[in-house]
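As written, the chains take the letters A, B, C and D, and residue 1 is the first residue of each chain.
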Amino acid sequence: MEQLLVPMICKVDKVIQETPDIRTYRLTFREEGLMDQFSYLPGQFVEFSLLGSGECTFCISSSATRKGYFDCSIKKAGVVTADIHTSLEEGDEVGIRGPFGNWFPLEDIKGKNLLFVGGGIGLAPLRSLIQYCIDNRSDYKDFTILYGARTSADMCYKDEIKEWQDNKSLNVVLTIDKPEETWTTNVGVVPKILEEVVKPVIENTKVITCGPPIMIKYTIQSLVKLGFADKDIITTLEMKMQCGLGKCGRCNIGSTYVCKDGPVFTNEQLKSLPDEF
Amino acid sequence: MNYTKQIQDIAAKLFAEGKIDVFVGYRMNGFDENQVPVLITDPQDVSKLVFTDKSVFNLVNYLKTDHTRRKRVGIVVKGCDSRSLNLMLTESQVKRENLYVVGICCEGVVDDAGEKMQNCTDCMVPDAVVSDEMLGTAVSGSGTLTYKKNADIVALAEKPLTERAAYFEEVFENCIRCNACRHSCPLCYCAKCCIDQETATLYNGANTTSAAFHALMTWSLHLAGRCVDCRNCEKACPSHLPLHLLHKQNESVIYENFQEHLAGVIPEDRGAFYKYSLKDPDDFIM
Amino acid sequence: MSFTTFVTDKAGLQKFYEAVMASRETYAPVEKFGKFDFKRVARLSECDPVSPIAKTLSIKPLFFPRTAKVMKYVATSAGTDVSEVDEDPLAVKRVILGAKHCDARSLQVLDKVYNWDYIDTDYQKRRENTVIISTRCDKADTHCFCTSLDYDVENLDALDVLVVNGADGKTYLEARTAKGEALLGETFTSDAVRVTKEEAAPEMKKQYDAFAASFRLKMDYKEVNAKLAKIFDTPEFENVSGNCVSCNTCAFVCPTCHCFKISDEKVKDTGVRYKSYDSCNNGYFTLMAGGHNPRPVKYRRWRQRAMHKFVYYKERFGENLCVGCGKCTISCPVNISIFEVVSQVSAAAGNRQ
Amino acid sequence: MEAEVKDQLVSIEKPELIAPPNWEPVIMGILCNWCSYAGSDLTGTSRIQYPPNIRIIRVPCSSRVDPWFLIKSLQTTADGVLVSGCHPGDCHYISGNYFARRRFLVTKKLLNFVGFHENRIQFSWVSAAEGPKFAKVVNKVTEDIKKLGPLHLYKKENFEKK
């Protein structure tokens, strides 16, 4: 297995400072030809190693439909991510293993209305799917994105959100937790806006949600209250992982390996797991 | 040495008076004569408590766990345990008013093979130094304590440097870095140990000889002047490493050079490294 | 395919061991500080093939080393060079002497996790190249309960050669696999009676029955599996974990625990990535960078350990992740017995319903 | 020649311990800001030569030196360590070096106990006015460690079990 744990070297093409503590790294493989072989689906993750510091798990925040690169959005939270923020710049090299894990049920959501509910850095895995769906727009019906952040400065992908807002076929709703002078639209936590502003159609709709654990908890509660079926609520779980191969045992929840059977779960599946996430 | 009856009575009385929430003692493990520490919260379980010369483990360790934090605790301490309790009190890890301490005048405990443990034959403070209630008659007698230097230390110190280095290389090589020594030590209460830092420039958990050296040396130096020689670490070590050597070495240096008393013997005393004397040896410094 | 059984005496066995050591790379229990660990040996006098089970560490590190180098890298001005490490010293042809029955059994359990989905080729290679000579114990130790976790003792083929001290004073060497057969055929020098498995079976059975009768601990693991599966939320876990000091040593000595961590170490521009043991009893095991920890308190980690051993692994791979060797109980500084705890919890669960 | 070198090696005897030609020791010098660092400054400004083997780190006070620093430096690049502070009684923080003195003795004895030669861990008191003394100290430490040869015990860069 040791060779499965050896990463491939990637080059940082571009660093985008999304918010004060979130950066997006645009990566390509150093070796030519590998980028074309690197195929992944929205929702999968990679093991990202800053050589000399350590390895972390990040979801891929871009879609394979956009060729030639892939993105990882990284929030400064722990030891390695802090190192990444301070030392990793354009042109530097990182190690990548992956892609690992399962993906959003792309077949199931075809022909459905889609509602994306994201909070904070939780937009990263959703962005992968949003890009994928925008690139295959004709496969899907109504398309709503609800995104909340603590403050307007904490919103990531600001330029891209602007593009989405300009796109007439998308309905984008933004919210922040506390009122700000320059903020003209919604203020309030995501579940509240979901119930009061978005008022989603229940029939034929799939909800994809991701965010901090506490946000997911309350969002799922209000979605259930609104009448969504458990199988229509799709989320991605955050769990400590190290190998990504279903061996190291860190991501065990019951007999499930989040790195193999997840990280994308429907609420129905989540209910059958022991309450340890 | 058998204080089973007395401890059961004390625990029952404390529960009846509502003075404690949990009582930390020993019980039989149910199939041989070895004992298991037990945290009793239900007064009906008091009859499980025992205390004999098989009551080896230092219970002060449990004062740092979730099960006793912010609770009123009754605890049984032997001589060495009471010294570590004293240090825990001095270092503000537990509050004295939350504790009811049953001190034992300890005649020495025995290991798995039934022989008296080495630290007990060398014991200098057999009677509990902090207690609300003492059981048994004082073993140490009156008068000043005489320092008994550990025989293993003396034997090793006489060996030439190369032999000592080879011996310790073997010790560190056989360490499997489970960190059980640290976790079972009553005085290692840091929320995150400095050797667990996730920095690649240091060591990061790999089981190499140099990492074991790093971890054990750092650990023993953090316990220098604090180690009470309860041998919890040695009992926990799955490779049976002679960890006491490091601690006893530090203890003997401190005792012989600074004329300090043993760690934790005097209440409110923070140990040798928290004070100094103008007469400390200076000849090793240029 | 049927294999041969060699019948010999003590001296013949010694000679066989010596012949093995002379011709193969051999690992055997070596005593250090009163504890036996499997190390490379050259002479029979250095090791003890019948080391007491209570004092012997498991053979797991020979297949899943305590620390394995994953890769080495050097940062140069031209870029980063990643190189895989030199040849695996454990993947050469070798023989393990003095493994216990439970050790061999643990490999069978571990095979399941290493061979699902991504296949651990290093582990496989080590398994393939190793011939395990295992001595069946004559008597159970205080904490053993391997016979309770029922498996096919007569046909356990994770070991290659089984050594049994028959009740009739003879020593039986039974080949269990082609590898074992080959080793026996090549290196057995002294005179020995060669019989078939069936012919030796009565003596072997007699020894096994005497061995099985010496067990103090007996458990109905099916009942435990079923009961534990239903009681995730029982407060009993909180009670039984009270006296655990979270020292993690149980996981490090366990022959079946396979959790690991990946960590980097570097000096200047050169770094090494290691894969080394970790324990789910460790408070940081599931702690995430943001500060969220799914198992923040001791009893939850304890529950994970017990449930993983007796419920989750069984659900996923069809085996208990426990072989009943009692090593965790022996190593535990406070003598917590997993047998006792699991029985206690499932009994309490039974009472509750 | 080889045997001669070997005789001087008092740490664990292994063939690779024999110093390669032109080998120069690396000495970690941890100096207190108020006395020894100023003293080393004075050595420089008074143009007194001392061996360039020492790599100096400035700390606020000799009691800032955690024994851990010594272990870490011996395990990485250093072949020896020199810690230097103010003379007893001259500490800028009144009593820091008295506390440090106790720690140093215990650390030195412990490292010696597990197999490091006592000359690998050295201490000195050097005041801001003692430029020549600093040069003398560094000279002595360098000489001592040159005699001992490179340190191979528990080095991190081996990255091996041994």
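Just so we're on the same page, contacts are C-beta pairs under 8 Å (C-beta built on N, C-alpha and C of every residue); 3 or more make two chains touch, one makes a residue touch a chain.
Just so we're clear, the structure is a prediction, and the values are computed from it rather than from any experiment.
Path length between chain A and chain D in the chain contact graph, taken as the least number of steps between touching chains: 2. Centre-to-centre separation of chain A and chain C, using mean CA positions: 40 Å. As a whole-number value, the distance joining the C-alpha centres of chain B and chain D reads 33 Å. Centroids built from CA atoms put chain B at 49 Å from chain A. Counting partner chains per residue, chain C has residues 67, 69, 261, 263-266, 271-272, 278 touching two or more of them. Counting only residues that touch two or more partner chains, chain A has 52-54, 78-80. The set of chain B residues touching two or more other chains comprises 198, 200, 202-204, 207-208, 211.
Looking at which chains touch one another, you get A-B, A-C, B-C, B-D, C-D. Note for the complex: chain A touches chain B at residues 52-54, 78-80.
For chain B in complex with chain C, the residues that touch the partner chain are 29-32, 34-39, 57, 61-62, 65-67, 170-171, 174, 176-180, 183-184, 192, 196, 198, 200-208, 211, 232, 235-242. Contacts from chain D toward chain C in the complex involve residues 76, 156-157, 159, 161.
Across the interface of their complex, chain A is touched by residues 197-200, 204 of chain B. Chain A meets chain C in the complex at residues 1-7, 9, 30, 49, 51-56, 75, 77-81, 93, 95, 212-213, 238-240, 242-243, 245-250, 252-255, 260, 274-277.
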